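Take a look at these structures.
What follows is a pair of complexes built around subunit A, which joins subunit B in one and subunit C in the other.
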Partner chain A sequence: MTSTFKLSASALETLFAALSTGGWRILGPTETDGRVEVREVKNPSQVASQYLQSTLSAKEVAFPKVERLLSYKMTPGQVELQDHDPELQPTVLFGARPCEAAGFGVLDKVFNWDSRDKLFSARLRQLTVIGLSCTQADDACFCTSVGGGPGSTRGSDLLLTPLPKGGYLAEVLTAKGEALQALVPAVFEPAEGVDKEALLAKVEPVFDRAELTAKLPGLFASELWAEQSLRCLGCGACAFVCPTCACFDIQEEADTKQGQRLRLWDSCGLRQFTLHASGHNPRNVQAERWRQRVYHKFSYFPQRFGEAMCVGCGKCTRACPVDMNLKEHLTQASGA
Partner chain B sequence: MAERNPYLPYLMRVAKVTEEAPAVKTFRLEFMNPEEAANFEFFTGQFGLYSAFGEGESTFCIASSPTRKGYIECTFRAVGRVTSALATKEEGDIVGFRGPYGNLFPLDAWRGKNLLFIAGGIALPPLRSVIWNCLDRREEFENITVLYGARSVADLVYKHELQGWEGRSDIDLVVTVDPGGETADWTGKVGFVPTVLEQLAPASANTVAIVCGPPIMIKFTLPLLEKLGFGADSIFTTLENRMKCGHGKCGRCNTGESFVCKDGPVYTLAQLQNLPAEY
Partner chain C sequence: MDVLRNKARDLLAQGQVQVVIGYEAGTSGARRPSFARSEADAARLMWDADCVGNLAGYLTRPEIKKMGKAAIVANAATLRALLQLTAEHQLAEGAVLALVVTEEGAVLELSNAQAVTEQVATLPSSLSAADREKLERLMALSREERRAFWEQELQRCVKCYACRSSCPMCYCGSCTMDCNRPQWVPVASHELGNLEYHTVRAMHLAGRCVQCGECGRACPVGIPIHLLTCYAEESVRRQFGQPAGTSATLNYALGNFRPDDQESFIR
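Up next, the complex of A and B:
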């Protein structure tokens, strides 16, 4: 259903204004002290102009760091349970890199593959993603090795690709994208003869994901994982910046009269993740936890869902305090 | 569109508390909502998450049999924050339960076979659901043998039920305690479970073995069973990894590609041999 248009540089102001008038919340990448993070914005001038990636992923829009699952009140002999629905406000995520946008599809598989997660699904339903193609990449990027690309449309409802002389090539990809177009139809101008590929960053594939997935079961007992993770601190930063890491913890916050049950981001890199109350730990050393991270994303998840639990954004590599490089480690495993 | 929140537990009233062993209790739990009670169904081998409101949730099996309607039972040792809080609950108190989750012991496939149960310590509860289920459908199975061991006489769980099984002619019960764990009036066996198993030397023909116990017991029991001629497809066990969600999302209970909460907790030895030992 893709239809391609051109937007002038000023078209975004018209779009943002129409969204604000319509009661939409707009989230976009903003820059503060050299760090780019996704925050609420009102107009396009607040959006970071030149940026590779935000440090944190935008997954929080659908999968918050901390989220209330339920609450309760306790009186003698009684417990009263309270269900909660998330506050629903139609939201536009503007300027999501194609890797970020693709991450939502992976999260959707995790949360809805069997039973449905009502909180996640409600947040995803009210989310419209305006992707922004990459015209630059760095050494950590490897989207093209995991099925994505700097101009990939996956996960975006509307994808913008910057044009050299200002303005954007705009691809309307979904019904949600059409709804945006319908808000400001006049700014969507006909586009002809634009070579999108020529506008994009070049990200050379470095390994074949399907081959890696086929290879991993035979590498389980390899020394590779211990070698790669010798310097791993087990800090969990890689998981917290990742657009597809969905593992979570459930914790109680309560006093003697009332409490709430919270879902929080967690990481397989942390020792407590699998620790039993008895002290036994099925993944007792960091090498086993690093292997779990690699295998979950590139072996177990593809076996179940046919795609990697990774979009090749490289955020984990950029965030790692000891310079572990996922692209290099996967390339090494592919060649092992 | 009203979607069900899968994290909302059922409210359950503690109907009965049984002190089983030091720090080990059994709760009988009854649904507070009659509609939920009527719609609740589970299979032997499934588990749930039990809430101590104010402290959190903990995962363990349903230790009662689905043939006993109107309640579920669980047996747990007070070890961590949640189980310690649960252990303070008294009859009439309210706890939460959500489930059932996971797969089941394939009782229907065991019809016409001999059943050999081998359990150690606090690992009898998951097998208790199976044993009672089989006893309640007794005519479907041939010989039923239970070998149960604990560190000491005091550590044996379900002492009254063991006495009851002792008195039944349709179940062979062998109870043992570790050397040094016996009391002056102990009439059962003394010795580790694998040692006693070797003495018993049960026939493997037309027999399935259902094994649950601490890792050290499992380690020495499995080779013995294989020596006795039990095939890896005829040996069943149930795993208990740490869990938070119980339904395949939170990401921690997997052993290799298998989610213990979805694909387990019941596995055959043949299945486990194809998975990494992450349990």
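Up next, the complex of A and C:
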């Protein structure tokens, strides 16, 4: 259903104004002290002008780092249980990179593959994604090795590609995208003869994902994982900035009268992730935890869903205190 | 750099050490930890002004200990951490060979605590001028303003524990943060959980932080969290006269009980 248009440089102001008037919340990458963070914005001037990516991924829009699932109160002979229904506002996520936009589809597979996750689905339902194609990339990027690309439309409702002389090429991709267009139809001008590919960053594929997936079962006992993970500190930075890492912890915060149940981000890189109550830990060393991270994303998930649990954004590499470069490690595994 | 590589190669070839912990080239020109165990590995070692990370944290890790005797390419912060770890009985005296590349490009071999202590005494403070300025700017604020600053910063925290994992002095095999019977500190990265975590960590590092700034560099969301532990170290130094990372023997101020303590609350 793709229809392609042009937006002038000032069209975004018109769009943002219409969204605000219509009661929408707009989230976008902002920059303070060199930190690019997704925050609420009112107009396009608040959006970071030059940024490769935000540090944290946009996943927290649908899967927050801390989410209350339910709460309860206890009185003698009675328990009062309260389901958590977050107050949700129609939200536009502006400026999501194509890799991040694709991340929502991966998360959706995890949260809704058998029973439907109420909170995640509710947040996703009210979310419209305005993607922004990449015109630059760095050494950590490898979207094209995992089925994406700097101008990939996957996950976006509307995808903007910056034009060299200002303004954007705009692809309306879904019904949600059409709804945006319907808000300000006049700013969507006809576009002809624009070579989108020429506008995009060049990200050369470095490994074949399907071949890697086929290869991994045979590499399970390889020394490679211990070697790669020697410098790994065992923190959760990679998982917490990742747009597709979906593992969570359930914690109860309670006293004798009341409490709440929380869902929190968790990471297979952390020692406690698999620690049993007995004290036994089936993934006792960092090499096993690192292998699990690679295998979940490139072996187990693809076997079940036919695609990688990775969008090649490279956030984990940039966030890692000791430069555990995922692209490099996967390329190494592919050639092993 | 060749002097360092040759030294590492010789140490490995002669079996004096089984691993040389140093730096190698990483993504986009970054420097990252490297573990040279063969002559070929030694050729990857790097040394330049970008080798700022504190590598001492690896010395207490089981995977590294298993390799045998280690040499470590040490910048000023790493040397201080070596002393502090020795003082806290985490490293045996002489267990690690420190390799220091001098400004002239020579490689010094510091094989015992005394040699490291003497080297550290010649070095300026670890805290960079930029961090010193940030710390002073914070100290000039009122209590309320400072609290507001940290609340604003800590709301970014996602509790990935990169600060703890990267800290050479956070070597506890089991951290109070991970204790769930009872749960002393909330696990969630909400306001209270973050405030308690970082306060506890700063207090535990009071007087022990070697001011390497590793936690601040490690933080993926850019919280200058090292300023808390650096300040706590300086506070103990001022009040108890104990600078961290300058000696391999220490009566740690906050881990010491004396019946004649000047404070009545502790007697």
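By definition in this document, the second predicted complex is superposed on the first by the 336 of 336 C-alpha atoms of A that agree within 3 Å, B and C clash if a C-alpha of one lies under 4 Å from a C-alpha of the other, contacts with A are read in each partner's own complex, and residues count from 1 in each chain.
Here is the rule we go by: a contact is a pair of C-beta atoms (placed from the backbone, for glycine too) under 8 Å apart; a residue touches a chain by one contact, two chains touch by 3 or more.
These figures come from a predicted structure and were not determined experimentally.
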Subunit A as common anchor, with subunit B and subunit C clashing or fitting: fit
Check the residue A:D83 against both partner chains and state whether it touches subunit B (first), subunit C (second), both, or neither. first
Look at A:L69 in the shared chain and tell me whether it touches subunit B only, subunit C only, both, or neither; answer first, second, both or neither. first
Which superposed partner A:F240 touches (first subunit B, second subunit C, both, neither): second
With the two structures laid over each other on chain A, which partner does A:D249 touch: subunit B (first), subunit C (second), both, or neither? both
Touch test for A:W265: subunit B only (first), subunit C only (second), both, or neither? second
Superposed model, angle subtended at subunit A by subunit C and subunit B (C-alpha, nearest 10 degrees): 80
On subunit A, which partner touches more residues: subunit B or subunit C? B
Examine A:S299 and indicate which partner it touches, taking first as subunit B and second as subunit C; both and neither are also allowed. first
Now for A:A186: first (subunit B), second (subunit C), both, or neither, which partner does it touch? neither
Can A:A198 be said to touch subunit B (first), subunit C (second), both, or neither? neither
In the overlay, subunit B and subunit C get no closer at Cα level (Å) than 5
Identify the residues of subunit A that lie in both the subunit B contact region and the subunit C contact region. 249, 251
Where on subunit A is subunit C touching in the complex? 33-35, 37, 55-56, 65-66, 138-140, 226, 230-231, 233-237, 239-241, 249, 251, 253, 262, 264-265, 267, 270-272, 285-287, 317, 319, 321-323, 325, 328
Please give the residue numbers of subunit C that touch subunit A in the complex, ascending. 26-28, 30, 32-35, 53, 57-58, 62-64, 156, 158-162, 164-166, 178, 186-190, 214, 217-218, 220-222
For the complex, which residues does subunit A have touching subunit B? 69-70, 72, 74, 77-79, 81, 83-84, 110-111, 113-119, 121-122, 220, 246-252, 254-256, 259, 261, 263, 266, 268, 273-278, 280, 282-283, 288, 292, 295-296, 299-300, 303-304
Quick one: which bits of subunit B touch subunit A in the complex? Just the residue numbers, please. 3-9, 11, 53-58, 79-80, 83, 92, 94, 96, 215, 241-242, 244-245, 247-257, 262, 276, 278-279
